[in-house]
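The following pair of complexes shares a single chain, subunit A, combined with subunit B in the former and subunit C in the latter.
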Partner chain A sequence: MNSGVWAITFDLIREALARRWILALLLAMTLVLGGMSLGLSVEVVDGALAATRLFGTSLDNDIRAADVALRPVFEAAAYVIFYGGLCFGILACSDFVPSLLAPGRIEHLLSLPVRRSALIIGTYGGVFLVMAGLAAYGALGFTVVLGLKTGVWTPRLLAAALLAVITFAAIFGVMVTAAVFVRSSALSALAGGALCLAGLFSGNRDQLLPMFEPGKERTAFEIFCVFFPPVAAIARAAGDLAASLPIDRDLLLRQLAGLLLFGAAAVAVGIWRFEQKDF
Partner chain B sequence: MWAVEAIGLEKDYRRPFGKSSRALAGVTLSIPRGSIFGLLGLNGAGKTTFIKTLLAVVRPSRGSVRVLGGSPELPEVRAKIGYLPERSYYPPTATALTHLRSIARLKGLAPSPGELERLLERVGLVVNSAKVASYSKGMTQRLGLAAALLGRPELLLLDEPTDGIDPLGRLEVRRILVEERARGATVVLNSHLVAETERIADRVAILSGGRVLREGSLHELVRPTSSWRVRFAGAADSQALAELGFTPLSGGAYSLQAPDPEALNRTLEQARARGAWLIELTAEGHGLEEELVRLLGPGEPS
Partner chain C sequence: MRRLRWLALAVALFVAAAWLMSGPSRPESAVVAAARDIAVPRHPTHEEFLRRTQRATIVENLPPTEADDAPTVRRYDPLLVALPPTAPGQTVLVVEANAIRYSALGERVIGCLLQRDRKEYDEVVEKLGIDPFEDIDRIGGTDQLLTISGNFERLHFEGLSTETTRPYGDHGQLVTEGSRVIGLWKNELLLISADRQQVEAAIDRLEGRAERSTAPLAEGVAYGEIYGNLSPEALLDLVPAENRARFAEKLQRAAQQIELHVNVQEDVAMVATIRGEGGEALTDLSKSLGAALALGRLSAANGGEPDLAEVLDLAKVRPPSSDHGDAELEAELVLPRALLEKHLAEVCDPAVPAAD
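Now for the complex of A and B:
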């Protein structure tokens, strides 16, 4: 990457970290992790979870292997990070490209010795790094707190968070392009939300397909599923991964490759349009 | 050598339903290096669009433009340009120093904090931690000017640089622009303030409807006057002055028609000989403003 891209990325990260929404999320995650550290009491005897108390209230009296007992907890955390992260990212990051294109700012940026594509790539990269940092903070914090309490150390929640970040990257690619076509944070968020919703349908393709009559309707839904990234399926994979459940690795890799291709294509369309525009 | 060479520049903005509006209709202009060049014209004359084409912010529909010997599409050409846009936008969390650091990074510069502080002081801003969002219009203009001056650019494109700045501040801005010219920079100034342009510009172009109506040095554009406003000390003999051709105006002033400097001085000598001591002499009519009104005013050819 050239220095222009880095300069834009650096500025975006600094701007993002000064925004209330992102500071509020960081604070909320810190409070939850702090509350868990102080209020969660776990007794582990010979690798088995003997007793769990949250702020003095007993949660579960069954004696089970600690790693097995924690699986649903990690699974729930993976879903919270995945869907919570997507919703937060769509709402909190919808303004970055419209703000970049604000009258007065964009003319000045374009007058500088930076290629037009660098402005979009730098902004995209900055948002990606901010969201990756937030997801890593949440997943790592959760893993460390539970690891210290139970002695169960697993990187699976971090892997699940990575899936969430890759999914967001594809969705944000569409948001960038929408904002380049029409400079509106509402429209950008709407595009992200609509894609996320479409991804819920396409990710549940196998469950939904029998609901359509064989013929044109079913074919249309199958085509729909080909075009939109299977967000729900990747979320399930993230949950399964965090819960140490078996996953279809090849299928997941194919879905991720498709997701990355989709995101890259969306950003490429945005850059193409941005190159044509007068400001 | 030319800092800017624009040949037959046209710009059509496409509008919905196939309509288009023409912002530039064949602008041909050459701006010499090391000069202050003023762009004048009414709103919508095409001044801002012209400046934007010099930065490749707006791409011309037809014609060509060369800036500092190259295409403005090239980042290495734009690296030698400082630009102050008509409207300024700053991220709400930016301070003057963080904004300048950000612009410096994008320009590939690494100025020391001392250099940035001196630059801010030069444009009349105090270095502190105040957010730019709390700045007045005049202060944001000063910050924009500081950003344009970063890296000692060879060409300064300034769109309404004194908009919102107080009269003393305007004086400071004019001083800075003259200093920039003295160090060899070319300044292209787009301003609604004709008097301001007249004070510092070496050459001026008057634009209307996307065309250049007139272009030249101030001397070429401003026609010599034959009408003078005169004031004398004390109680001058108005009867004697009237005989010499002085027409009384309100407030004790007189108007005098003199076709050339020789006739003017001859009449004034005669007035002095009759005890009228000159304390004020002002040329009337045919300054740049009058020329602009003549070209663009209502009912006049444009």
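Now for the complex of A and C:
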């Protein structure tokens, strides 16, 4: 990657950190993690969870192995990070490309010795890194709080957060392209939301397909599912990964590779369109 | 061309992404993956068609008709001819015992049975003079008569503590054993019934002294390893005992005939076609069967049998459609070998721990 892409990437990260919503999100996440660390009282004796109290209220009296007892907690946290991260990312990152293309700014950027493709790739990379940082902060904070309280230290929540970031990368690729075609934050967010929704269907296609009788409708649904990222399936994998449940590693890696290529393909369409445009 | 390079790259990446994302959306157990590939018996295979032709060993020369001067030849399968005519809705079933015995699943089950009861089985073989697992080909039955085809040359009735033996017809032999009458025809067909007339009538049909075209099963339905018609009363077992009397009449009206075909080779695949007078009753029945499947699925899931629950997910009930005049519904179920093997292992190999 050339220096132009990195320059745009770091420029976007600086811009993102200067925005109030990023700071507000970081503050909110810190407050939740702080609240949990103060309010959650977990007694672990010899690796077994003896009692759990949140803000003084008893949650569970069964004595079980701590890592087993905490599985639902990690699983729930993974889902919150995954879907929460996607929703936040779609809403909060929808105006980066429209603002990049804003009259005045785009002419200035095009006057710099930077390729047009570098502008799009740099913006895409910058958003990817911002989201990766936020997801890592949330997952790491949660891991540290639970680790300190229970003695259960597991990097699985970080791995689950990584899945969320890769899924967002695919979605943001489409958002970038939508914004290049029509410079609108609303349309960009709508495209991201629609793709996320389509991913819920695609990710549950094995359960939905038997509802279709063999024929044109079923074939159409199968084709539809193949071309959209299986968001729900990745979310399930993130939950299972965080809860230390068995996952099909080969299938997951294949799906993640598909997501990354899908995101890259969407960005390539955006770059193609961007290179056609006159400003 | 240079202007299109990003577009070309995008298309290539989209295709690669679609290929990568085209797998199953969630990891499937080997049992469910296997169940998806099992074909249900909907029509005879080429082998079954050939087998049917080879079995039609009774040849009947029909006299020339006004429309056709040449004499016509009709061929019949002795086992199907021997089966007595039944009223619509009565049970008539044929089991391809030899085909099942030599299937992968059959070998496993027989190995399991013999492992436990080898001594008793050897005593039966010595007493009868035949090896049921080797010498029996098919078993067909109705409420009145049981017919068994195979090779009975070495069968000795002495082992059956018989009372009287007498010949009947050209190739028949009748034996009375207690309240049962056993007929042996050409050393290839055993006929067993509580009613002597049923056995005699079967031999009459086989030897051409009675109408042969009254067979309760058409040769066209002879496919799968188990096939035939079930009495609608079989469905009553699905109804709680206290409500059976109330539902019996309605069920018999809705389901006047149940045609069954079961494949038992590597796996088990079953199709039941339920025919009735059509209308709302059959539609309601299809919904009830669907609900029964759903309950079975829930029960399996709660009972710690996730594989069975997922296999039941694949079971289907096709409601009546206008293609068949709204007068038939279909239910299909597959049980993959891996699932059956798990349960067989619990029975056959005591060392294997029982499934959760």
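Just so it is clear, the second predicted complex is superposed on the first by the 279 of 279 C-alpha atoms of A that agree within 3 Å, B and C clash if a C-alpha of one lies under 4 Å from a C-alpha of the other, contacts with A are read in each partner's own complex, and residues count from 1 in each chain.
The rule is short, and it goes like this: contacts are C-beta pairs under 8 Å (C-beta built on N, C-alpha and C of every residue); 3 or more make two chains touch, one makes a residue touch a chain.
Being a predicted model, the structure only gives us computed values, none of them experimental.
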Partner chain in contact with A:14 - subunit B first, subunit C second, else both or neither: first
Which of subunit B and subunit C A:258 touches, first, second, both or neither: second
Partner chain(s) touched by A:184 [first = subunit B, second = subunit C, both, neither]: neither
Contacts of A:205 with subunit B and subunit C, given as first, second, both or neither: second
Which of subunit B and subunit C A:114 touches, first, second, both or neither: first
Touched partner set for A:244, first subunit B, second subunit C, both or neither: neither
Touching partner for A:102 - first (subunit B), second (subunit C), both, neither: first
Residues of subunit A that lie at the interface with subunit B and also at the interface with subunit C: none
Parts of subunit C lying in touch with subunit A, wherever the complex brings them together: 3-4, 6-7, 9-14, 16-28, 313-314, 316
Residues of subunit A touching subunit B in the complex: 3-4, 7-8, 10-11, 14-15, 18-19, 99, 102-115, 278-279
Parts of subunit A lying in touch with subunit C, wherever the complex brings them together: 117, 202-207, 210, 225-230, 232-233, 236, 247-248, 251, 254-255, 257-259, 261-262, 264-266, 268-269, 271-272, 275-276
Complex contacts: residues of subunit B adjacent to subunit A: 13, 52, 55-59, 75-76, 78-79, 81, 83, 85-91, 93, 98, 102-103, 105-108, 144, 147, 157
